[in-house]
Amino acid sequence: MAARPRLRRARAVLLVGVLLSAAGWGIACGTALLFLLALLDLGVALPLYVRQLGLVASAVVAGGACIFALWRNRDVRVLSAVALWLEHRVPAMRYALVTLIDERFASSGPVLEAVVATTEWSEPLRRALVRATIPLLLAALLAASLRVVPATILRRIISPRRGDILDRVVTGITPDPLRPLIVTVTPPAYSGLAVITLEDPPTVQGLMGSTLRIEGPSAGASVSAVLNDQALSVTSMADRWRVSLSMPDTAAPLWFTAGGERVLLVLEPRIDSVPTVDLLTPERDTVQRGLGGSLRLQARLRDDCGLNDGWFEYIVSSGAGENFTFRSGVIGRRSLAPARAGGLSATLQLEALHLAPGDVVHLRAVARDRNIVTGPGSGVSETRTIRIPRADEGDSVQIDPAAPAQGDSALLSQRMLIMLTEALERRRPRLRRDTVVAESRAIARDQASLRRRVADILFLRLSGEASAEEAGDTGGTAGLSPEALLRAAEQATVINRGEALDFAEDETPVVALNKPLLEAYNAMWDAGRALEIGEPGRALPPMRLALAAIQRARQAERLYLRGRSAPITVDLARVRLTGKRADIFPAAAIGRPLDPRSAEVLLARFTQAVEHLPAQAGVDSLLLLRVTALEAAPAFAAALDEPLVALRAGRDATQLLRRARGLLLPSPASVPELAPWGLLP
Amino acid sequence: MSEFVFATAEYASGDWESAPLVPANLIDSLVRYTSLSVAPQGVVVSLGSAELLRYPLVYLTGHLPVRFTAAERAMVRTFVERGGMLFVDDHNHDIDGVFHRSATEEIARAAGVLHDLPNDHALYSAFFNFPDGPPTTSQELNGWGDNLVHTHLLAVERAGRIAVLYSSKDYSSEWNYHPETKRFYAVDNTRFGVNIVVYALTR
Amino acid sequence: MRSPVDRPRLELLLRCMALGALLWLTVEALSRRSARTSVELTEALTEAVLARWSTTPPADTLSLSLRAAPAPLIRDWLVALRRADIGVRWSDDGIVPLMIEAERRPDPAGVVTLRVTGPVGAAVLLSDDLGPLDSLTLGVLGASVRLAAVAGTVRATIGSGDRRVMASATPPPIVNRRHLVLLGAAGWESKFVAAALEERGWAVDSRLAVAPGIAVIQGKPFPLDTARHAAVIALDSTAAAYAGAIVNFGRQGGGVVLGPDGASGAASLRALAPGRGGVRVHPAPLSGRPASRERLGLHDLAPLVADAIPLERRGDHVAVAVRRAGAGRVAQVGYLETWRWRMEGGTDGVAAHRTWWAALVASVAYGSESDAGGTGGDPAPRAALISALGDPVPPASRSPRTLFPFALAVLGFGMFGEWLSRRLRGVR
């Protein structure tokens, strides 16, 4: 065979050797690092992150060693280098091979070929191949030595995972049955959340309905578990003990006892919050002019764990006063599982609701989540109100039931006045003129005061004051002649219905509201004028008209103004004079005092707990305080997490405790003097 | 000494003004039976405004569905957290009607879930003594001919005191008359209202 | 040329100088031996040093120049040395005087009041077992601090390094066995004052007047007894019926808090009150802002009686005043409708109202000595040092020890000078 092909074959053999050597070195280095980690873990339980890093590091080291070995022997690709390598090991060729493959000496080829052809170089190749397998043997040896390491330790090194501390069984060492505690939290299936494993946590948080599995090392001593004064069943296995339970509804302490030792674990349930629903359209309350048409409805939904379904809900209320009827229904129902966000849309056909004037439609969007543990949570949006106005309503009349008119007593008085006037009229032929005028004017005064009471009801003033008609009324008319009186009365009764009235003495505008009462008011004016001039007979017809008008006002529709109803004032002095009832309960004992759950109480408990640190009693007190603070001061409860972890690990937690205390502690109050009485905040 | 002012809540979604004579009637009873300093007139206060906090006892009623706005819900929550008391009365006479369902839902969102108030609660002996619990109203007994009597009031309690008192017994209809006509009643049916006010003022 | 007759005089003078120095050194040596020596301590005063002095005292007297007050252990050790016939003298090399007192008033929440006194303008750092609490500057007579909570011992520190002085005190544990009594008419003010104090942790016994002859009673407000009750709060004139009991209670050590109208209606209560009353100041309009104590209506308590102390003012008006009455203390509040501060006072209103009322009640509430006084710690280091070791001796201006090299130099100069002079003269 010619030299070149032989050389190429030699190169191939060397290449194989280099590859085998590199692989061997890589495997050996990686395995050595794993072996070292396993030995370390045997002595001291390596944390999870160290083992994970170690695994990565061993892969990196193996790859690096392999690459390094390849790099060192990269010249094996080059024929001339291979030739040189062979020349060094077979000196008999006297560089004939190297010269042969050099193009510059091609003319000497046949001569050199003859020299090379007679030379045998299989022996050095064989030795090189054998040397290349040494790293492989080393790797195999290291791999075999891994069998010395306990399988559980090896598993911890090769596939590290949270909670595998319990797999670390070291013969000759009796572990603490209460340390570490491995907690596996399996959330309810509907939530779609991942399973979590915790190593020796002071608190365990999880959704309500989660399944908790708590394990600890088996140490021969029996372990008991108590939750809210109820003992739990503890299962013993070869290498561990186990307790399984469901997350309770409220935060609760879980005590483990073994031998004389106690460990506290706080269970904190997290409530699956209800969905958030935003009604996008309609955007605001409105008044719908017609009874037909359609309404576009849109809503946006969100949930923390997953939505189930959603829909639009409507209620139609019909009626007024004390009589109402209601109809309700649902549209646009849609399944949204298992998404955490979604939208709803629908169109509400108003004809289908058979609305009538005066009806009110209340609309809102509703969403339910997939919580099957405590029942589906239901979230609702703001309610929109669509009102169908009555035909006789204005656009935006806001109504407010006012107090009933005082017309009832006016009725009685007007009737009495009519009777008095009729009696005077009957006696008139037998009386003197001045007597008739005097008695007539006395009736006129009563009629005037009655007219003022009607005016108070009739003319609602914005300022709430009595009618300015009262000002100087009696004195004003007393000095007037009958003609002047007639003119003044006529001017006063010129009322343009619907327009504001302005009295000279009072700038406040007045709005007249009640038509029958207005007629009664006018008729009383006419009657008063006739009585003032001593003509009781002429006063009777308008007085009877006023009576009829008042009677009609009692049955008239009452209009109300929202927010401006006539106030009913209770006469305190008059009422208080009526005395007491006989069956008054003399002394009512009130029950228990208020429950003090303020920051000051939490602070006092915190201070007392800190004073017992670093003893376990102090740690347990802080854990129990955390349970209490979860509802009253959640930020403080969350801030207690870190110091509890530090205390459980035996580290100093002063800074962390001070930070937690700072959340409850108000700023110190100081003054630059010796205050003799303490300091008020 | 500050005087007691009877406040009626105005809310956006319903006919809050459906019992306009109740304030005057209860004020009259308070004045009649106690020596409390009482304002002679009631006020109307918007449920969603900060003005609500000026009146630690507020009365709320209506016929229509109750749907709080976000502002009203937040203000009710603040109101009860600071020590206020909300008295809600269903002005309908029915069982589990629209007002009841919607109002209890809104109260649960804003203040907490309502539960039955025991009929021996301190409220029933705060001034007058009601050994059988909340007095029955004429609407319940024969006004509608169905004798549907609600045996308990509902309440949300905070730190051992009532923060929201809910009634389905239609006291709004029972007390919605002019105080001047009280003299025609053989037994004053507003006495339980006095208990509610005295309880609010002393707890 | 100098006269030969001068040289002998010079030599005589030099010899006298040398002899004088020698004599002085001899006398000093003899006096130290007779006094059995006194050693000044130059190294740091530590337990190791004191242990050495205790076992093998190098001298009869230990002289100390202290720049900072030693720790209580060191101080007690020095006292023990003195009692073991080892003299201890100390001089004050600028020890900063510092004193701290920790008092816990009867308050269920355990508020601690600290009083610190020291040099005017000194910066004091307050800390407890958990770390720094606050820093403050001392006024003319010191400073007062109110702390919501203290963990363990509270320390006040001035200075740093070897000049650092630290005073410490341990507040007593929280002990609150007594109740409060609330008297007033049923209303928002009485309701919310009771609510605030109960939320603080007090048990409140109350009597609230509802109608003539009718009251709502909680707990057991009567008879008033300092064994059971810490303070009585009389909000308005309905308390006048119990004026005698209130005055007796106050004079026996109980605390009394009077509302704006609490003293009206009874002459004995008016005599007890710190203020004589005056102008009624109307509340400031809120204009959309949260209510606060500064915006409440006010019944001005001025003019005050001679021994009354105003605790709070608003401009020229006195809002809160206190005075002592017999063994007890009386506070009077001029604010009207403080309940509005709670209800309309924004997010902090409830807590602020509660804290203020609790602090006011705690400032007058009955508390026995064992409840109030702090024990333990080292509250006044310099004073304790003086009490233990006596007054400091003034440091000597020139210590004999420092003159020793000078005397040797004089001796050497004198002898050498005389010899040289004689040799130069050719005299042996």
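For clarity, chains are labelled A, B and C in written order, and residue numbers in each chain start from 1.
Throughout what follows, a residue touches a chain if its C-beta (ideal position, glycine included) is under 8 Å from a C-beta of that chain, and two chains touch if they have at least 3 such contacts.
In this text, all values refer to a predicted model and were calculated from it rather than measured experimentally.
Ranking B-C and A-B by contacting C-beta pairs places A-B first. Among the other chains, the CA centroid farthest from that of chain C is the one of B. Here the spacing of chain A and chain C, counted between their Cα centres, is 49 Å. Chain B and chain C have Cα centroids lying 55 Å from one another. Centroid to centroid, with C-alpha atoms defining each point, chain A and chain B lie 30 Å apart. Counting partner chains per residue, chain B shows two or more touched chains at residues 33, 126-127, 159, 202-203. Touching of two or more other chains is recorded for residues 580, 584, 588-590, 593-594 of chain A. Residue positions of chain C with contacts to 2 or more other chains are 195, 199, 211-212, 214, 216.
Chain A contributes residues 285, 315, 317, 319, 322, 324, 326, 328, 360, 362, 364, 380, 382-383, 385, 399-404, 560, 562-563, 565, 567-572, 575-576, 578, 580-581, 583-585, 588-595, 597 to its touches with chain B in the complex. Here chain A touches chain C in the complex through residues 580, 584, 586-590, 593-594, 596, 598-601, 603-604, 606-608, 610-611, 654-655, 657-658, 661, 664-666, 668-681, going by the rule given at the top.
Those residues of chain C lying in contact with chain B across their complex are 185-192, 195, 199, 208-212, 214, 216, 236, 261, 288, 336-337, 339-340, 342-344, 349-350.
Residue ranges on chain B touching chain A, taken from their complex, read 10, 12-13, 17-18, 20-21, 23-24, 27-28, 31-33, 38, 40-42, 44, 63-65, 67, 69-70, 91-92, 97-98, 105, 122, 125-129, 159-161, 173, 178-179, 188, 202-203.
Of all the residues in chain B, the ones that touch chain C in their complex are 1-2, 4, 33-37, 50, 53-54, 56, 81-84, 126-127, 159, 198, 200-203.
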